[in-house]
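Chain nomenclature is as follows: A, B, C and D, assigned in order of appearance, with residue numbering initiated at 1 for each chain independently.
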Amino acid sequence: MPAYQTTYRVIYGDTDNMGYGYYANYLRWFEIGRAEMLRSWGLSYKMIETQGIFLPASEARCKYMHPVKYDDLLIIETSIDTSFKGAVKFDYRIRSEDGQKIHAVGFTKHACIDRNGKVVRPPRFLMEIIEKNTETE
Amino acid sequence: MPAYQTTYRVIYGDTDNMGYGYYANYLRWFEIGRAEMLRSWGLSYKMIETQGIFLPASEARCKYMHPVKYDDLLIIETSIDTSFKGAVKFDYRIRSEDGQKIHAVGFTKHACIDRNGKVVRPPRFLMEIIEKNTETE
Amino acid sequence: MPAYQTTYRVIYGDTDNMGYGYYANYLRWFEIGRAEMLRSWGLSYKMIETQGIFLPASEARCKYMHPVKYDDLLIIETSIDTSFKGAVKFDYRIRSEDGQKIHAVGFTKHACIDRNGKVVRPPRFLMEIIEKNTETE
Amino acid sequence: MPAYQTTYRVIYGDTDNMGYGYYANYLRWFEIGRAEMLRSWGLSYKMIETQGIFLPASEARCKYMHPVKYDDLLIIETSIDTSFKGAVKFDYRIRSEDGQKIHAVGFTKHACIDRNGKVVRPPRFLMEIIEKNTETE
């Protein structure tokens, strides 16, 4: 599938002593990527929660290729790995503003839980929107 | 009252591009100060919440005197400003490990709200513990 | 002066146990406000640093009026308090997307230091851009 | 090797809307784990940097098993994966205070770079300390 793109401007609070973006913050940028992709599909994560469904991360991975610097405008590319069965897996790629540099790649896997924290299968409304927006590949 | 002291080790994730502790993180360290002071009084903030009482910050202020660096061991001094009527006000002072340098001073004011977000007067159990631990000064 | 406006979408990582935006994060949003205002004037904070000038916060204050929730789109209004002599003072107001609610107001004061951490007077190029963009009041 | 143990108290600022520790913060806790393990070996990460050596993360992975809650006292277990050749790999396990629950497991890989950002082989003083403290397995 073509990755959904959104941007993020690195602030001072994201950087560290080395002058780079702190490694944990990439997971914040991944969150922005998946949240905005879902929003572009007409489904905000907040709407999912109002259905009593939560998608806590069950796994996160990030490979850091080129450091991100203060004031960089990041291009966050997000897609869904439809080959992953069981809950939802997002893939991410963080590029530089000019698109030339790949700062990082990674993924997050998310379980579906209900209000009581019980793991449930992804609800139909969620799977349908995912299928509708990924089927053409 | 003699200030309650606790310590915090500055990690890479707390620092910024300038090599200093990022200015917003001082409010995290203030939280550690007030939480540990209450705990030392036998009252964890978590216990307060189980009583249906929450203490969101209504105001925060920090004066930054000497920058904090990576790996610094901070001494967080916390006390309660008993002259403040209405909810609770904590005063803070962040010192260097050797006690010589004052990195910052500040305060936070907190309202008391119930589960519905309605402002309520500080519950007796909270005021009694505060009085008990501040009266002798 | 008319305040400069920029927006920020509250992410999960900004929220806390209470379901509100964590109080320290408002200072991150203040940073976004002043950085984007300077950028709109053709002067990125990064450019200031390349001149060997840094503007660490000497003081920060925030009054919290209405809690910010997950996924809220915040309007960050920033202006410069030209009545403040000595370095630079920014005023902030964080509004709700519809402009109706004021979530918080605050300010930050910044000292000017050189590469050696020595306090210096605000350089001409900085003061000129500030005057040029605030003189109409 | 027996894992090095250190603890961390989850603060409000670490939690999110779901009442859990935000997933990115686990990488902050991993940093605490490796920094304190090195310190226990008499080698602070700060000392490594004074030698002109930096260890930026080249990869990070975390599997989230049981959510961390506000005020939890986490046990962070850290060890070095000596089977990993090329730079340094740390393994982590985050347990509950009673040791019964495993909240998360993960690892971070770190490259060695010099002041110019050039990748270099791990310096002898670093490898010797690692070997000295891991050889007994």
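Everything below uses one rule, namely that a residue touches a chain if its C-beta (ideal position, glycine included) is under 8 Å from a C-beta of that chain, and two chains touch if they have at least 3 such contacts.
Quantities reported herein were computed from a predicted structural model and do not represent experimental measurements.
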{"item": "Selected from C-D, A-B or A-C, interface repeating B-D by over half of its contact pairs", "value": "A-C"}
{"item": "Remotest chain, subunit A as reference, centres from CA atoms", "value": "B"}
{"item": "Distance from the mean Cα position of subunit C to that of subunit A, given in whole angstrom", "value": "28"}
{"item": "Where subunit C and subunit D are represented by their mean Cα positions, the distance between them in whole Å", "value": "34"}
{"item": "Between subunit C and subunit B, distance of the C-alpha-averaged centres to the nearest whole Å", "value": "24"}
{"item": "Multi-partner residues of subunit D (each touching 2 or more other chains)", "value": "12-13, 18, 24, 27-28, 31, 70"}
{"item": "Footprint of subunit D on subunit B - complex, ascending", "value": "9, 11-13, 27-28, 31-32, 35, 44-46, 70-71"}
{"item": "Residues of subunit B touching subunit A in the complex", "value": "12-13, 15-19, 22, 24, 70"}
{"item": "Residues on subunit A engaged by subunit D in the complex (per definition of touch)", "value": "18, 20, 23-28, 31, 54, 56-64, 67, 108, 117"}
